[in-house]
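The following blocks contain the structures, represented as structure tokens.
Each of the two complexes below includes chain A, the first together with chain B, the second together with chain C.
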Partner chain A sequence: MAGAGGGGCPAGGNDFQWCFSQVKGAIDEDVAEADIISTVEFNYSGDLLATGDKGGRVVIFQREQENKGRTHSRGEYNVYSTFQSHEPEFDYLKSLEIEEKINKIRWLPQQNAAHFLLSTNDKTIKLWKISERDKRAEGYNLKDEDGRLRDPFRITALRVPILKPMDLMVEASPRRIFANAHTYHINSISVNSDHETYLSADDLRINLWHLEITDRSFNIVDIKPANMEELTEVITAAEFHPHQCNVLVYSSSKGTIRLCDMRSSALCDRHAKFFEEPEDPSSRSFFSEIISSISDVKFSHSGRYMMTRDYLSVKVWDLNMEGRPVETHQVHEYLRSKLCSLYENDCIFDKFECCWNGSDSAIMTGSYNNFFRMFDRNTRRDVTLEASRENSKPRACLKPRKVCTGGKRKKDEISVDSLDFNKKILHTAWHPMESIIAVAATNNLYIFQDKIN
Partner chain B sequence: MLSKGLKRKREEEEKKEEEGLSVDSWWLDQGHPAAAQTPPPVASSSLFDLSVLKLHHSLRQGEPDLRHLVLVVNTLRRIQESMEPTTSLPPVSMPPTAPSVADSLLASSDAALSASMASLLEDLNHIEDLNQVPQPQADEGPPGRSVGGVPPNLGALDLLGPATGCLLDDGLEGLFEDIDTSMYDSELWVPASEGLKPGPENGPAKEETPELDEAELDYLMDVLVGTQALERPPGPGR
Partner chain C sequence: MSIALRSLWPLWKARMRPSDWAWRLRDVIPALLKERRRASPAGICSSGPAGLSLLSGQQPQPQPQRPSESVPGSRQASMEAQKEAQRIMTLSVWKMYHSRMQRGGLRLHRSLQLSLVLRSARELYLSAKVEAQQPEFAPSDSTLDPRLHPPRAAEAAGRAAPPDAEQQLPEAMDTQEEALRGQETPAPCDPPPARASRKRRGSSHPSDGADAGLVPSKKARLEEVEREETSEVADRLQLTPAQAEGAFPSLARVLQRRFSSLLNCGPPPPAPPACEATPACRPADSMLSVLVRAVVAF
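Right after this comes the complex of A and B.
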């Protein structure tokens, strides 16, 4: 099928041919801080796509039914609901402002017509119910159409109210607020496979909540030393196992992952498994620890593997092998010689996320210059793509990008020194079943689809 | 999206220059054979300064980013250890203040505590700036990376040593009346001499005064991050 894609659609890289589908967000160069997207998450069916931003807002997109309208649209995502999840708060006790930025959104599995999601900022987690209303009742007996109560003595006949269609209204209402359980900044939330509990993790502690109970939570991991002078490590991410409701993992700033079994004890300070790759002595530097700090950890859908993202690479671990990862994928190794400058401008502390595709055959993560990387675990091929307005013609295929590390720069390559480190893709999401990806580039959300699919 | 808060001359300089990143090898671990082949590091001291600056900045936040703080402190410790390979240090404990101040800031929001810390950090910054004055070649450079072959200051370790001694001699004692100067009066400090200026031919570690011991280093770290200031009883001038 060589050349079937037409000009500009190389079949190199993966078997996928990613094409632009949609972009959401303002176009102008001046980006308002509040509009910067801070989290992206598909729900379990992939029909809903939620984003959170620094202004504390959540925007949910819904995929259009494919049988409606144009057949080639393959289901576009349109705004379904927008609401203010968190407001800036002031902690009077500490004289500190609490940012309203949404750090994470996690969907709950759908159990009825309504949708539920958890959203969190640095301190407070909220459970939101998103429900539709497309009918209203008319013909009440005790009140008029405009709501005024009717005098009961005047009623001479009874009627049965009838339901009439109305314009679809999507309502978001906060059903639970889980507050006051975290001294430090929440970096992760994860819904358990039992669908009743979830965890929230901050720099030093992990708490277990029941979705119905807001006034207490159980602390299951606490790495705060008795003497804060001895603090050398913090928790960076945590997640529940997708199938085993007693298993969770958490990653650290030292590049280690601990797997805990809640059945072994109430407090999971002692891990059941400890994952760490021995340091390569030839690449040791002052920045070794910083670049080994894990910014994201994700179980595979199968539950057999987990993936970790550190500054320069993505690693896939077999849960049965603690000594080293089974796969290591370099994201932007050309940055290794620039670490000092990246330390200086604080980019070395950027926290990139990573995600699996539905079948666990591919993984994706972001980079700088609005580049994002995909790795096919079966074919061992990888590709660098770019989310930009220039490549935003409808159904235009994305051309693989290449960074030139030295010597002669070929045409269409970009040199390391020309990369824009302000354009970072930290948050990406992959549809749980189909070849659709969502990529957050600052204040814009790009949606790409695989042409072949 | 880049570093916020503390404005430094370096940032303005970098904005004028192109965005390119320079390739660095001088930060390679001294113990590594590759390091011997690269040009000898002009400074772990520049990196030390930079890390101290970051630490200051981090601590100034109302609620420091713990991850950032811990990573910077660990890096600082690693750099410090590499700057004195001759002295065998026991595992240097975390600069006592950094997270404890962070924690206490979190826990109690003691305004007086943070105010005194902030003022000490100001003084330290002021010392750094003043330290630049006698070196005309580096006047445009912020504390840290030196320009060309200018012998850089040794970083924070130098600030409170001989250089400060010079400043005191210049009659700027008024600046330091709030600070316990018993440290500077200590005869362990070797007065400023050429021997302390790191030449490009050696790593900075070799130029360090050999009289420095663990206690002194600990004290230095303490002062840098403010513990000493906080633990001292108020002097007569307060």
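Right after this comes the complex of A and C.
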């Protein structure tokens, strides 16, 4: 069933019917800050799902192989590996602590039996190799079974070690550490389609790395002004094109996106394309500048479109049209009149992410009160769903939620003032081929699957 | 607002003189009461154990709610807007100060956003002040720039704003000496009225009204310098990387003192619309510059 569902689903033809599948994480009301999930990412096949948290840990879930007999069960995700990726560090020169929070995880395409991923905190990027070991060599000549060296006089015969099966052990080892290249906080990493290079972006610079070389990186974008007092914008996200290895985009805090072509010059300060939507003067408000800051930019799988997320909306851009986006979807427009309060409680600075589905027919992003929103690009329909423990019965369908903006509140609607702004969904991921989504709600990871009728 | 008050109080109590503290309370309590009155009719939940909900979330818009009917409606609305803008400015400054102490250090993007809001609030404050008064003459924005920029940058700042060029250059030259003397001293971003006199006025000119409070008096500056030295030492002990960052508490304190004294003075001298309408915001960059200078060291 899982094979028949999924990627072949015609775009917009079926209405998604999302059902609860699993939830990972503690149920306690008291959430330790170190357990708050800070990034979620499926690998290229969708079999592995990696999460990073504020405590610097990476947890990888693997999808179980489905039993052929039970047609209705889809593979469940179970813990595959857990390791401490980053530790808190201290910069003695600047007297600053470097947080161990994992900002981004990006998988590398699989080339052999092992899996590779890049994880980054504010300053350091690490390449991790996750490999399985299910055999053990036994019968060494010089060592005992427990590893102690044998007394040479006791060795009377020569034997060849043989491999014996053992319990599966998943090991994660850091293969490369890319450090000391960023003065400001790293906000994005992106693996190039050539599978050899990747970029890392901080507030003012973007560096290009080779996966094999750790002591050198090339600076390809630098928007630091000569006089820092003239600073007006920072880089907020950056990504490589999924197919063209010379093209990258980066978004800014002013709501603009620049597309750069690395073939034009070594330093891509001059953009090849500049995407900006003219501001609507009627919607200008006190906080317009800060809510126009783009928090995430993602290319579509096809490479023709890209999507940007600012505080109140998601916009889909055609790479061939720089003047305005082709689609704008309002995520939580009811918050526009509450911006002052959101500024007071710091929620206005939240950085939401967004993601495409495998066929680029739908997009998803998070909101408050553990709501997340999905927009079908073909049918132009959108839905608000909630990730909560109450809706966590196995295979229970999620009921669409509605936020009432004023006036009479209908049954099952929730009013804007009752929204819980501590419960925010900043990170979501969509399986690259099937209709499976992973939604990070503070310290819990919810996995929902689409019920195919 | 209550959040701002609760958070500000322990921070500021230690460093404020009792007279300053009294002004601060006098400033905050009416705003608090107004907020509560505004919140209750709307039926908005307060932040409590149930989770963080919205406070009374209104854009800074003038809302005539005062009991006294003697003040004309538009002027009252402007004063409300002024207070709201002032509140947001204070809140922004507090957030900037607080962000220093976060794990991971100062975040450039967050600092930039805070400074943008601070600038917008300042523009709103000044435009509301303009609406509340009759426009007579233009304050000079550059007077404060020399305090924040180095002296040579002050001249550049003066040159950079064309509408006020002729006012700013003499102002810049006048204030260079003072800037050299009090270079470490941060200044508020509100300009003093410039038409009445080219030189900066101190506390010896009480007729200047509220805007005199915007101008650091010499006496106040000396006191500030002393206090700033101690606060800087304290900040260095707290591992502050940049000297400019040490200016933050003083900056916040000075801002607060100016706004408080502003509210308590008589009818302020008028300010011109032309200067305030200028979106060039080179003066506003002075606020940004203090901020980014701190970040440069980072």
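FYI, the second predicted complex is superposed on the first by the 423 of 453 C-alpha atoms of A that agree within 3 Å, B and C clash if a C-alpha of one lies under 4 Å from a C-alpha of the other, contacts with A are read in each partner's own complex, and residues count from 1 in each chain.
Here, contacts are C-beta pairs under 8 Å (C-beta built on N, C-alpha and C of every residue); 3 or more make two chains touch, one makes a residue touch a chain.
As the structure is a computational prediction, the values presented were derived from the model and not from experiment.
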Combined model on chain A: chain C and chain B, fit or clash: clash
First (chain B), second (chain C), both or neither touched by A:382: neither
Partner chain(s) touched by A:94 [first = chain B, second = chain C, both, neither]: both
Touched partner set for A:231, first chain B, second chain C, both or neither: both
Touching partner for A:253 - first (chain B), second (chain C), both, neither: both
Partner chain(s) touched by A:53 [first = chain B, second = chain C, both, neither]: neither
Contacts of A:284 with chain B and chain C, given as first, second, both or neither: first
Partner chain in contact with A:337 - chain B first, chain C second, else both or neither: both
Common interface positions of chain A, toward chain B and toward chain C: 94-97, 184-185, 203-204, 228-234, 236, 253, 285-287, 289-290, 293, 337-347, 349, 416-422
Complex interface listing, chain B residues touching chain A: 1-3, 10, 14, 18-25, 27-29, 32, 34, 44, 47, 50, 54, 62-63, 65-68, 70-71, 73-75, 78-79, 82, 93-96, 99-100, 102-103, 105-109, 111
Chain C-facing residues of chain A, complex: 94-99, 101, 122, 184-185, 203-204, 228-234, 236, 253, 285-287, 289-290, 293, 337-347, 349, 416-423
Interfacial residue positions of chain A with respect to chain B in the complex: 93-97, 183-185, 203-204, 227-234, 236, 253, 281-282, 284-287, 289-290, 293, 337-347, 349, 416-422, 424
Chain A-touching residues of chain C, taken from the complex the two chains share: 1, 3-4, 42-45, 47, 50-60, 88, 91, 95, 103-105, 107-110, 112-113, 116-117, 120-121, 124, 149, 153, 239-241, 285, 288-289, 292-293, 295-298
